[in-house]
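Chain lettering (A, B and C) follows the sequence in which the chains are written, and residue indices restart at 1 in each chain.
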Amino acid sequence: MSFRPPPCRRVTRSGWICWVLLAGLALLVADLPAAAPSHDKPSAKVDDPGTDLWRFVRRRAPELRSLAEKGAIGPVTTQVKGVDTSVLINDKGQEWRLYRHRMLIPISAIVLGTVAVLLLLLYLAVGRRVPDPRETGKRLLRFVAYERTLHWFMAAIFLFLGVTGLTILYGRPLLIPLVGKESFSAMASASKEGHNLFGPLFLVSLLLFLQRFWRRNLYSRGDLRWLIRLGGLLGGDSPPAGFFNMGEKMLFWLLIAVGLLICASGLVLLFPNFGQGRLLMEGAHLIHTLGAVLLLATIMAHIYMGIATKGAMDGMKGGYVEYSWARHHHREWADEEEKKGRVLSEEEVRRRFGEARKIGVPEREAGT
Amino acid sequence: MARMKFYCDAARCIECNGCVTACKNENEVPWGINRRRVVTIKDGVHGERSLSVACMHCSDAPCAAVCPVDCFYTTDDGVVLHDKDICIGCGYCFYACPFGAPQFPQDGAFGTRGKMDKCTFCAGGPEPDGSAEEYRKYGSNRLAEGKLPLCAEMCATKALLAGDAGVISDIYRKRVVNRAAASLEWGARLQRANFRAPDSGTGTETRKGHR
Amino acid sequence: MIAQLIDGPLWLFSAWFFLVVALWRLLVILFKGRPKSLAKPRNAPGGALATIFRRFLPYPEFRKVSRVRFWAGYAFHVGLLALLFFAAPHVEFLSQRVTGFSWPALPHWAFEVAAELALGGLLFLALFRLMDPVTRFISSTGDHLASWLVFLVMLTGCFALWRSHESLRLLHLFLAELLLIYFPFSSLMHALTFPFSRGFTGAVYHRKGVNI
């Protein structure tokens, strides 16, 4: 692996960028207590008889409920129809509030911020890695148009969902001080409606992804060896891999599993009209946010690898990859393709893309 | 500076739902929404008790804490209100509120939430007091007219009390003293008996002298 | 100020502009007529109508290869048409500003399903246009612009759901006005010209004895 030392000028500029990011992260963390309610009203001890009463209600409510369900005492009823209307008190709401404010907002900010800063630092320190600088001029078709479209379809939806979701999560500490409540309300409303509409599309893209790629992502021999050597990260040559290496396979199954969890919990939150109670929704929100933070951090690394490894993005842009890149990262697949005679020359690829108009209308790719 | 509170005297509430009806009528609450509800425990058996529940106008309101657009505010009277122009209908206040006070209008089978609606302590919203706009969005603003919430005013048995916490505490304390005198026992037990863990048994029977 | 401009004069201008220019283009096409064919007619006149309808389905040869685009295309077009003319806010807007009479709107759930279909279909197709070498080759910058402009209009439309914020509604309206102005100059005109082009092809080839 050849590392290209970054030029000096770039380091100073990039260092500056990093400092801004770090300062932003520090500000974010420092500003978090602002998300907690400000006690601008004196919380003087008011002699309120309700405090005692509700304390008893809260202590006894679960017991009364279970007794009522067992039929030991009369039922808990109300004449008002609706979700959870017969629940006198729901103290899980407080736990959910603590989860969102003490854990989710600060920890996800730290996790996502740290991952972003680390990846940026790594990129600035290492630069774009060139696995095999030899330009063979030969190309291999890696992804057909449908697969590329599907990838960018999902990527667009994922990024949109990520941005809108994070707007709703961090907007109050970060954006309200900047743009004011009225403007942020419009932003948050747009984010909410957009998030709701694009959520089901993410499920669709996930299922299409599963249908298209599951077979190529099954475990095959040699994958474990690839994993133990971390895909050549520890030095030495890249271990041989098939069409997808173990890292890509793990990303795929993580995406499918966590993505489906996010979608399922998202649907619970999206349709509040099927009578699901608050407990279920609070739990769904927990799963939804944990999964989202996990996927966001993972996808950041995925984006980093796509950008930092020279030649890796080609497969998702034009569909064709440089033969030396394929040999380096997916040796078994490259050898197999070569055996099948599917290695193309650069001119052939360019002809297929119809870059030069005089060549005329290009042929259709195989297998689209 | 007053600190407005509701208190429902479970020993007096007869589950007539008069407060629910009064609220709905006074505030022209939209379809499917009830800002106030009456919950009955041990319905139909010995020891039945009812409580009328709405927004409790908490000092440290969970709804205000979790609102992603920060649309809640507390008035000088200690009433927790929200701004429907800012609300985006995300439902977080509904998850956080222990009393189930926030309500959402829903449209058809695709249950997207509209803007949140909840008890305003008959204090309207951020619009000018008594304006038509305020009435359309939040219902009536009786507090500005020097009146208390209609639910409490209409309560036939005066179980539901609304007002400054100090005042309703005094009223309640007098009631307790009277009941204690009547039953020669610490009357608060009457109030609490059914929400307190029993000293023994399964809770199916109430202790002697509590009726 | 800007709000009044978008909601008033700009709307009127863009609507009239669209009407006049689109009508003018249609009339130009119609008055051009058919070129005189020197070929010996092998069929009686006709065949235009059949082709107009036959083209709603892909050629049998392409049915398998264009399966995804077929479904995405229909999802987008049907969803968009349903949204454009039967979404409750649009019915209200059009009946107040354009027609003067109202018609039944979709229930909210159908509105959202239509929005899902239209958004998903268009996003997929716009990306496919970029990714597939053939469609990329035959697409001009204007075609890309048209599809992303329509996408933006629909996206801001879904932002403005429930009409909760006037600013979001105005953003949607503003982009729709830009689209109306751009419409007659772009390939989006196919929404109005498709019967003519199909009918023309059908008539010409029917006369020559080709069943197309």
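The criterion applied here is as follows: a residue touches a chain if its C-beta (ideal position, glycine included) is under 8 Å from a C-beta of that chain, and two chains touch if they have at least 3 such contacts.
Quick caveat: nothing in here was measured; it's all calculated off a predicted structure.
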If each chain is a dot and touching chains are joined, what shape do you get: line, ring, star, complete or other? complete
Check: interface with higher C-beta contact count, A-C vs B-C, is A-C
Centroid check, CA-based, most central chain -> A
Would you kindly tell me how far, in whole Å, the mean C-alpha position of subunit B lies from that of subunit A? 41
Can you give the whole-Å distance between the Cα centres of subunit A and subunit C? 34
Roughly how far is subunit B from subunit C, going centre to centre by Cα mean, in whole Å? 53
In subunit A, what residues contact two or more other chains? 185, 189
For subunit B, write out the residues touching at least two other chains, lowest number first. 88-89, 109-110, 112
Multi-partner residues of subunit C (each touching 2 or more other chains): 112, 161-162, 164
Touching residues on subunit B, where the partner in the complex is subunit C: 88-89, 107-110, 112, 114-115
Subunit B partner, complex, touching residues on subunit A are 35-37, 39-41, 43-44, 46-50, 52-54, 56-61, 63-64, 67-68, 72-80, 82, 84-91, 93-94, 96-97, 100-101, 168-169, 171-172, 176, 181-182, 184-185, 188-189, 192, 196, 269, 271-274, 278, 281-282, 285
How about subunit B: which of its residues touch subunit A in the complex? 3, 5-8, 10, 17, 20, 32, 34, 37-45, 47-48, 51, 53, 56, 59-62, 64-71, 74, 78, 85-92, 94-100, 103-104, 106, 109-113, 165-166, 168-169, 172-173, 188, 191-192, 194-197, 202-204
So in the complex, which bits of subunit A are touching subunit C? 145-146, 148-149, 152-153, 156-157, 183, 185-186, 189-190, 193-194, 197-198, 200-201, 204, 319, 352-354, 361-362, 364-365, 368
Counting only contacts in the complex, subunit C reaches subunit A at residues 65, 68, 112, 115-116, 119-120, 123-124, 127-128, 130-134, 136-138, 155, 158-162, 164-165, 167-168
